[in-house]
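There are two complexes below, and they share chain A, which is joined by chain B in the first and by chain C in the second.
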Partner chain A sequence: MTVHDEPPPRIVAPSAPVLHGLLAEYDDAATLLAAARRVREAGLERWDTFTPFPVHGIDQAMGIRSTVLPWLVFAAGVTGCLVGLLLQYWTNAVDYAWIVSGKPFWSLPANVPIAFALAVLSSALTAFFGMLVLNNLPHPWHPIDLEKRFARSTIDRFFLLIEAADPRFDSVQTRAILDETGPVLVDVVHEDTASPFRTPRAVIHGLVVLLVAALVPFGLLAQARATKSRTPPIHLVRDMDAQPTVKAQQAFPRFADGRGARPAVGGTVAREDQLDEHLTRGTIRGAASRVFPPTVAADRANMGAGRRAFDTYCVPCHGYVGNGDGMVAQRAEALAQGIWVPPTNLNQDHLRRQPVGQLFLSVSDGIRTMPAYGPLVPIEDRWRIIMYVRALQRRSSATIADVPAAERKALE
Partner chain B sequence: MAKPKQAGPVTPRPGVPNDDVSFDGLAPGVCRIATSAGVALLAVSVGLGATEGDGFRRFLHSYLVAFMYVLSLGLGALWWVTLQHLVGARWSVVVRRIGELLASSMPALAVLSLPIIASVLLESDRLFPWVDPSFMQSQSALAAKRPYLNPGFFVARWAIYFSFWTALGYWLLRCSLAQDATGGTGPLDGARKVSPLAMIGFAITATCASVDYIMTLDPTWYSTVFGVYYFAGCVIAIHSAMVLIVVFLQHRGRLTRSVTPHHFHDLGKMMFAFTVFWAYIAFSQLLLVWYANLPEETVWYRVRSQGSWFFVAVVLVIGHFGLPFFGLLSRHAKRHRASLSFWAGWLLVLHFVDLYFLIMPTFYPGGVSWRVPDLTTWLGLLALFVADVARRARGRNLVPSRDPRLAESLAFENS
Partner chain C sequence: MTATPVSPYQGRPGGENVFARITENVARIAEAPRPPPAWYVAFGISVALLLIFISNLALVAWFGVGLWGTMHPVAWGFPIVNFVFWIGIGHAGTLISAILYLLRQDWRTAISRFAEAMTVFALVCAVVFPGIHVGRPWVSYWMLPYPNQMGMWPQFRSPLEWDLFAVGTYATVSVMFWYLGMVPDFATLRNRAAGPVRRVAYGIAAMGWRGSSRQWHRYERAYLLLAALATPLVLSVHSVVAFDFATSQLPGWHSTIFPPYFVAGAIFGGFAMVVTLVVPARQFFGLASLIQIRHLELMNKIILATGMLVGYAYAMEFFIAWYSGVTFEQFAFVNRAFGPYAWAYWTMILCNLAAPQVFWWKAARTNVWVSLAVGIIVNVGMWFERFVIICTSLSRDFLPSSWGYFVPTAYDYLTLAGSFGLFFTLFLLFCRYLPMVAMAEVKATQPSARVR
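Up next is the complex of A and B:
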């Protein structure tokens, strides 16, 4: 609660004691409260009270105006919140726009936690440092610390100090005011002429050295950015890019046979191995096949599996009947950002005429902007998907003639 | 920080110096008005419910909202009193009795819950679709919930909840009344000792009750934070209710010296804190559902973010959080009876809107379908609740006047 503006003049050599102020001591809080009221009425400004515990009502008695701190904290909180929102708006919607799980680029719900956290952080920091600054803290020394009796201000005594620097201070009159308030004792406090005011040279030198040392890491960083080096980077965290690797044909003692290159695990086939051109690439002697591989028979089970796989992998974009109106497509269309290539309508004539082998290859390797499904969907399932696509295509151009005679009746 | 002044003079005849802490003079009037208002309003609701010609379906929907509202007051009070014993609170001694009187309303609430239980026992799906076994077989996710969601277990749980709450409320009040007779903190030891376990029991029962009576209206939907959401509403409601009760009593010359701006300040702080807490929980629920975007979870918000329900959602965000947040932020707002009781009333109304928003869209996904019984049932049950509390307050002090910590509470200062 202390308010001390300018530090007292630096006194180098011991000289005549300079008056700092008058210190009154009380032995209970009620008397102090009354005294504070009296001093305030006398119009004094530079004075303070010291108590061993928070005394209720002392603020009013001393006429302490309520602090601006809450407003500072509030402003800081609002600023933090807005900065948080702006930061996310700029990074997500402007600087690096990126669709994440179909959400809008700038979606408020996702921003709330960070805006909230920044609001809390900035208001907490403002409260802490604002409190220090408004109270002129830290304040490591004060002339009354030299008063032996003042130590009891942390135990069981109540003190009131009027500074001589107060414009209305008058050593006789002010003392008379204090005497009226029923103190145990009124004491004169002198400026501190005994303690060395100068910061020791060693401390200053030490600080300079620390400051220079603190610049070194930044210098090193700047140097590292501007130069090239052949030595590998220092890894504090040994993560995946620091794992041991073995080059082809190198020896590697960890394996029993000492070879670095490993033979294929029994019963597996590498992705590139083309055992069966028709099955794996959909071609027969290099030309796209018009028939399904013999291992994928056109039966109800395969068709059902094809439908399940299609519904799982393709429907989000191409839609349930392959018209290109899946949810992802609708969503992207609604966002209208102009960068979206719509999924192809699979029921178009040119695709209907396309050999199954070519459809298979489009799905396996991906085509233009459509990603590859080879790495994701087992090979037979890819064929079954194509089988189902064919069924969908057939469906979209079906006529009444396609309906079996028995059921045609029911429709007509 | 509370500053002990001189020890409060304890008169042999219970009472607080210079203050009127008896409810006797007011009780008959309050009981009469509240009872007749409650009965009249309920009669109107039932009458209007009958004109709908839907076998009281619509009436039961309003009734559920109203019941969850009064239940939240009872539960909030139960929690609050348990908490005061758990932490050994001293500031709150002057208002503790009011909390205790509210918390011992569980038998009345059990009676009020009968229409809801009856709807389940009569195997009617007017409220809960899971009552219908064929519905529960229609989806495998629902079939798995069968062991929990069946009428038998539902009623068993209801019995457990209400016996636990009744016992706890009764016990807390009994300990406190014993203290009125003998003085000293001894009689409160019982309440203090049960409070930790009671708190755990409360957490479990209140969570399950909110799940049972609100969440299972849509048996496929679930949210793990739902119990906390309802609880947050309970806490706001009880503090607001206590503010209004004390302001009413002071208006009638009771408790004028016992309850000071410092106590109002603390009640206001709790209202403020739990307004923020409510928003925090509500938002956590929304954020996780929104992020995960799972169909079985989003459907709940989808209904509530379309058409007129979206408007209600916005009203909640602004009215249940934004405005009271700024309104209650300043200490002056919390220390002045006029402003604090304004916000208390405001929050109590918005609490109703909140429950309406939790419950009604499940029945009326197309949009708000407002009916007069929504209002009259709510006010009717509220009036009956008030009558029950007032009846119990008769012949008892409104302040635990022989609690040794009363002096501290009376002298409590909130800096």
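Up next is the complex of A and C:
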């Protein structure tokens, strides 16, 4: 390339500047507010004010109508909530019915948190992006940016711009209106005809190519799904496909002792080897015991404790004297649903003859429809309860012969 | 503006009016050619910790979660303790920026940006932990409902799934709220920018904001709506985190007090974190005129109040354990205070209940260093609270044969320390490059801004 081949420098035709509008600058919010009222009264429509912070009262002064944003957000919230409910209903109750502890497939309370989260998420997204769209943001270039002073609009100055596109705009009259409002300065803003920055063509072409290239992986995925192949899938992550396993009762070198079976955890006993059969299971060599274990002596203290525990744990169903007429039972009878198994009357003959060990076991492990109290009531207390049950049974069938001779007199 | 700066952090003239002074005060920090030396020291330490964090995550992803001390019965060791800790930290940020906004507490403007940034960064730290705790982070997306070749859907009645939605929503809303608040301030920085790089960078972030009143109108409405949405959201998020525990059958977890107790604890710990961050930022970056002692005192009062709420919850747990008559529940709590983890329990009590009591005295409330010390102590206490709840309950459940004792490994400690590296790296970058105080909002609360 020689010097002569160089193209002559392009000469930009000095086009006549196109008027964009008039920009007035104010140094405090109060003057701006008054100016805004004045401009509004003049009937102008295409104008705006620019302030470093939201000035209160400017909405009324300028006659800005309330935005529809809240309604959009409300609609989005309702939609999000419904979508959340529908999603959970369809996935967990219809398409893939999850069985969780026998609970109903569709149980509203458990679906509230996610429906709520989705309602908030969709309304928040709408509030944020709705604001951007309604405000015409992002908005990278604007003619007033050419005005050097305008940089202070986000710092400490207040501006008012009337666009020349306004039907009532008149460069002389409008200027006069602005001059009356006590501005620091009124300036003419021109249309940005010669802005040095325009998105270069190459960038746009590059973006288009990138966009097309971005579709290729999706195409390949779709193709892979639609066709069959004999090669095994590529396994990037092995996960747990290959790992050492212990086979029951076989050697396993990874453990220090080389055995696959593990010994019992130190300091523990298996559930079956109870230390004291009488105390914990109520049996003596496998047969239900007819006596109380030696650690639970038949004295006043134990009887009192037994009564307290009985009153706490048993009375709601069996009633205060064990006749099976506790509050729960009464309520269930009143409901008359036909599925209620009444609590047993503890004063029946066959229970009176039952060994204490068997009563103890019924209470500890539960019996038929009655739940187990072993996990809830400490072991000694269970024995004390049985002691008190025995006392109740004695009471229900007592004759005068049961009363000690010394006190019989007083009764007769 | 003619005078040249003596030092970028003290000297620049204030400007001719209060609005210019506020702008100058905040913007000069992001514009200064060089931050104060303390910043470099802090940043160096933070980045070192961050590298430790990243390498630990990589090791765990490669070798598996066996590197941690997490093992049955304590299957929820450090990762979940850290998750709950970080998520709790975030709550104060939303409380300050959303709830106090709705209550028209103008004093919040000075610290709201900090608090929001803290929320966002704490959330970044928080979400990492469940992500790695699942053991195979690369399939974490299985938690999302998407049609798949297995024909399966997530179990939407599980609190862990609720957590995903609650925390995901919370993170999204917090980021939007934070960013929305910064848009006008980015515009300020763009307009003041000296070089083209800054102008373009802040210009992109400001999205062409010019402070038009028609835009302010919709902006304020959007901000109010986000605040109104964030308020119930923040209360629900920690309640849902509490459900992870409360809906289980485990003694020590299975309790209806958990949701409000967790929310109170989160606000307590979060405010302590705000104080911990605000005090050094205020001292090093010379923001004393904006973040005043008055603000600090108000925050300390909130710490005192929420600390008492948390103390009430501790006491109530014991009372209910006794009152319920359930022996397992009673054992769980006696074990908590006097069992193998008693050291952790009493650390928690000392840090959370005893330390904030100094704030009954005005002299302590208004002293920056006392505030900073209590802030740090409370953060330690709140971390221990989660540790105590998780480890004491899991290590002693129904079957004594499967009792255990959780011992963290070096990887556990390094990951915890590393998460602070992530947090502080982000936070220091925020202090350096973003508007640290909500300039537009502070301006709007000045007397000369209230015109009619």
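Rule of thumb we're sticking to: the second predicted complex is superposed on the first by the 211 of 412 C-alpha atoms of A that agree within 3 Å, B and C clash if a C-alpha of one lies under 4 Å from a C-alpha of the other, contacts with A are read in each partner's own complex, and residues count from 1 in each chain.
Operating definition for what follows: a residue touches a chain if its C-beta (ideal position, glycine included) is under 8 Å from a C-beta of that chain, and two chains touch if they have at least 3 such contacts.
These numbers were taken from a predicted model, which means no experiment stands behind them.
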Fit-or-clash call for chain B and chain C when the two complexes are aligned on chain A | clash
So, A:A110: does it touch chain B (first), chain C (second), both, or neither?
-> both
For A:P54, decide between first (touching chain B), second (touching chain C), both and neither.
-> both
For A:V120, decide between first (touching chain B), second (touching chain C), both and neither.
-> second
The chain contacting more residues of chain A, comparing chain B with chain C, is C
Kindly classify A:Q88 by the partners it touches after superposition: chain B alone (first), chain C alone (second), both, or neither?
-> second
For chain B, sort through 22-30, 94-102, 166-174 or 202-210 and name the stretch that clashes with chain C after the overlay.
-> 202-210
Both chain B and chain C touch chain A at residues 53-56, 59, 110, 113
Within their complex, state which residues of chain A touch chain C.
-> 27-30, 33, 36, 48-59, 62, 64, 67, 69-70, 73, 87-88, 91-92, 95-96, 98, 100, 103, 107, 110-111, 113-114, 116-118, 120-121, 123-125, 127-128, 130-132, 134-135, 137-142, 144, 151-156, 237, 239, 264-265, 268, 312, 375-378
Under the touch definition given earlier, write down the residues of chain A that touch chain B in their complex.
-> 53-56, 59, 74, 101-102, 109-110, 112-113
For chain C, which residues are in contact with chain A within the complex?
-> 15-17, 19-20, 23, 136, 138, 145, 151-157, 159, 161-162, 165-166, 168-169, 172-173, 176, 180, 184, 187-188, 190-192, 203, 207-222, 225-226, 229-230, 232-233, 236, 240, 243, 325-328, 398, 400-402, 440-441, 443-444, 448-452
What part of chain B is in contact with chain A in the complex they form?
-> 1, 3, 283, 286-287, 290-291, 293, 329, 413, 415
